[in-house]
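Alright, structures below, take your time with them.
Next come two complexes, and both contain chain A; in the first it sits with chain B, in the second with chain C.
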Partner chain A sequence: MLQVKDLNVYYGGIHALKGISFHINAGEIVTLVGSNGAGKSTTLRAISGLIQSRTGSIALEDKEILGMPSEKIVELGISQVPEGRRIFTGLDVEENLLMGAYLRNDKKEIQEDLEYAFKIFPRLKERRKQAGGTLSGGEQQMLAIARALMARPKVLMLDEPSMGLAPIVVEEIFECITELNQKGLTVLLVEQNANIALQVAHTGYVVETGNIAFSGKAPDLLKDDRVRKAYLGED
Partner chain B sequence: MFLDQLSNGLALGSIYALTAIGFTMVYGIIRLINFVHGDIYMMGAFFALTALTVLGLPIVVSFIIGMIGSVVVGLMIAKFAYKPVFEAPRINLFLCAIGAAIFLENYAMLVWGPQTQSFPDIIQNQSYNFLGLKFTTLQLIILGTAVVLMVILTYIVKYTKMGRAMRCTSQDVDAAKLMGINTNHVIYFTFAIGSSLGAAAGILVGMYYKAVYPMMGFTSGLKAFVAAVIGGIGSIPGAMIGGIIMGIAETLGAAYISSGYRDAIAFIILIFILLVRPSGILGNSAKEKV
Partner chain C sequence: MANFIKVSANLGFAVFVLFIAIKILSRVFDAITIKYSAIDKKKQRVILAVFGAMIIFWPFLAKGSPYIFRTSIMALIYVVLALSLNMVIGFAGQLSMGHSAFFGIGAYVVALLTVNFGISFWIAMIMAGIVTAIFGFILGIPTLRLKGDYLAITTIGFAEIVRLILVNWTKVTKGPAGIPGIPSPQIFGWVLRSNVAYYYIVLALVILTIFISYRLLHSRLGLGLIAVKDDEIAAEAMGVNSTNLKILAFVLAGAIAGMTGGFFASFIHYVNPDNFTYMESVLILCMVVLGGVGSISGVIIGAVVLTILPEALRDISTYRYAVYGLLLIVMMIIRPQGMISKENLKGVTTNADNGGKRGYKGLRWFSSSKQG
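Moving on, here comes the complex of A and B:
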């Protein structure tokens, strides 16, 4: 579905990604885990076209998307739920959701998707006309996910969806990610919370200082000593 | 006397408001104090005057030509002077704005000459009583035009897809890009709207004072900028309120204190507002929730 090969990114003089390669099969949840500053968010930003100075190859269904502007990448089917949620605080919940469908013109189906989003996240329906900035952190995360879904993506990328949320809300969000995946959505998940990410994912890649250190099936990684020591806080 | 000055102030204030909106919108989108805006306003006045006197077109057509001409100039400046340094630190953009302003002022002198040109008297001026205030025909035209343009603008920003895209881009460029918004288009659209409103203000001022000259945008540009800051830079309703306050304060100050202080009053208000409410009347001082 999505194939990243030898991706290099430079921030000014800093070599932030040093040739990262990984791939995601259709219908899979793949997670990139790693510590702060390893380059996980940078990878997602590069895939979304928010960073232009990059080399290598990013292919969506065998189509090269590296070098395309961000709006084209959204149109081709990659949506991102950015770190820190980044919802539009001045717009109400419904307007936020409609922004997710910005590139679509099928009014009737957009309306159906809106109702679908409210079905998955009933709490958003209650707050339909409320400004995005007045929502709680968990509700904002739900809104950010629902907003990304409004583009009808083939691949949904989530950047630190657990950040700053209470454990019970994190659980709720991850249940929802699993459910969406079971309905056929391909997911690329970036998390510092390796434990929960590896529990829901099929495949995991461990990112260290701009490189993939190692990878494997998620259940195997959960048992791997290197992962347990470095990311799960066990000795 | 007081009521006469009030209607003068309202007319002048609505012109400041139109100009201030352009400042505030461009600032909202790319965080640039667009110091070329005053000169776009001047170009609009010259375009309309040329259409009116040289080509002999009717005033309404000339007005529209002035607005279109300024949109073209505004877009060219955005494309050739700003686009190459969009990603650079803001100071570079700011310097490009000042350079473009100097260029436009001198270009206007080259084309139309440095002397003041008079705007022909095309409106039969009569007095009307309205809400207890006395207005001339011209003042009513100015107020009416300003109100209509502001209503159209508010509609575009609030209810159209492009308007929503503008609000999103001004809040968070990266998040807007992730929605599939082509933020470059939004930026150009913002420049186009700002320039057209600036041109309308320039033409109205030309009609009001019956004078058009290459440096006319300099002081007005500064005052409109002050109006935008008073209202809260980045806020469109703020720019409208700031403009009206400035216009009324300036005419009342000129009438009751001394007309020599006319231009100083704007800056006195600015200092006062910055001391009392640094983010402006409708400015957003709230910290963003993370």
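Moving on, here comes the complex of A and C:
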């Protein structure tokens, strides 16, 4: 589905990603885990076109998307749930969702998708006309996910969905992600909370200082000593 | 020394009056917006129809006083200017402080074309719109890289450059002397000399601008603009091309302000660089801020109030510009969302509320405003 090869990103003089390669199969949840500043979020932003200074290759279904503007990439089927949720605080819940469908023209189907989003997240329906900024953190995360789904993505990219949320809410969010995946959505998940990310994912990649250190099936990585020591806080 | 004390005392008094006035106005407008949104659609339409009829028949109602009538034409000119600035500040969230430049360029384009080349007013006015749209595009380009205060400084610089060119390019603009004798518009040989005709022309401009604002706000582009203002990165992640939208806002605002400038030139039959100073930009900004950034009805009210108020307070006109500055400061402290804002009805906690809770106890009454 998505093939990333030898991706390099520079922030001015800083070489942030040093040749990252990984791939996602259709219907899979792939997670990038790693510590602060390892380059996980940078990878996502490079894929979605929010960072333009990059080299290498990113292919969506064998189509090269590197160098395309972000609106083109969204149109092709990659949508992103940005880090820190980034809800439009001045818009209400419904308008936020409609923003997710910004590039689509099919009014009738957008309405259907809106109802579908409210079906998956009934709490959003209750708050339909409420401003995005007044929602709780968990609700905002749900809204951010629902908003990204409104673009009808082939690949959904989530950047730190657990950030700043209570453990019980994190669990709820990850259940949602699993459920969406079971309905056929391909997911790329970036998480600092390696434990929960590897529990829901099929494949995991460990990112360290701009490189993929190692990778493997998620259940294997959970048992891997290096992962347990570095990211799960066990001796 | 005595003079200094007198001025300070007057300014202090002005601050006090502004505090009380804005406080009372906020309460009144809150009450009105809540009442208005509570009544049913049918009655809302009746109220709007009464207002509309009053505006259309205003020339007959204000027949007795040419002074009041002239002031109301000026008020409508400022309504258009404030609404166009609102597209940049309120919709796209770009702080532009150089709106008078568009106004001035438009006025001079019409003045030069009609006086020097004898071109009809209508074509000249459209030309003014095109020229200022191009300038809007040029000014819009820096917004790709600049934000907030930096953009504000750039736009001030732009307006100042325009004014200096108007003053110093004496061959074309005749410098500080200005260009007199700008003709009135004509339709099929009829010369529209009367103020009633001018009133309806500017009213048409007002309606056009309200229509454009409204359509823009309730279209997909408007949603995109508000998203960009709210969170540019998130908007781009949704596939919004923020660059194009921001430039579009500048181009539209520039074109409308330029056409208004052209109308203004024909209305007073004389242009001069003094009409398009930095203070003019500040005045238009004040109207937008007073009424409510981003709110169409609020901006209209802000423009009308700030055109009429200085006329009513002629006696203290020396303090006029000081009062505009104070008004901006006081508004930012106690009512940053303006008199009418959508948030009032949606129950968002605003900065004003948070500020109020943190402030001095004695000032809390002044700084916290009741939310619907």
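Note that the second predicted complex is superposed on the first by the 235 of 235 C-alpha atoms of A that agree within 3 Å, B and C clash if a C-alpha of one lies under 4 Å from a C-alpha of the other, contacts with A are read in each partner's own complex, and residues count from 1 in each chain.
In the analysis below, a contact is a pair of C-beta atoms (placed from the backbone, for glycine too) under 8 Å apart; a residue touches a chain by one contact, two chains touch by 3 or more.
These figures come from a predicted structure and were not determined experimentally.
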Chain B and chain C placed together on chain A: clash or fit? clash
Chain B versus chain C as contact partner of A:82, first or second or both or neither: both
Chain B versus chain C as contact partner of A:130, first or second or both or neither: second
Chain B versus chain C as contact partner of A:214, first or second or both or neither: neither
First, second, both or neither for A:164, with chain B first and chain C second: first
Partner chain(s) touched by A:92 [first = chain B, second = chain C, both, neither]: second
Partner chain(s) touched by A:116 [first = chain B, second = chain C, both, neither]: neither
Clash-bearing segment of chain C relative to chain B, given 4-12, 40-48, 148-156 or 364-372: 148-156
Set intersection of chain A contacts, chain C complex versus chain B complex: 48, 50, 69-71, 74-75, 79-80, 82, 86-91, 95, 98-100, 102-103, 133, 147, 151
List of chain B residues in touch with chain A within their complex: 161, 164-165, 167-168, 171-172, 174-175, 177-182, 288-290
Contacting residues of chain A [partner chain C, same complex]: 48, 50, 69-71, 73-75, 79-80, 82, 86-92, 95, 98-100, 102-103, 129-131, 133-134, 147, 151
Chain B-facing residues of chain A, complex: 48-50, 69-71, 74-75, 79-80, 82, 84, 86-91, 95, 98-100, 102-103, 133, 147-148, 151, 164
Contacting residues of chain C [partner chain A, same complex]: 220, 223-224, 226-227, 229-231, 233-241, 343, 346-349
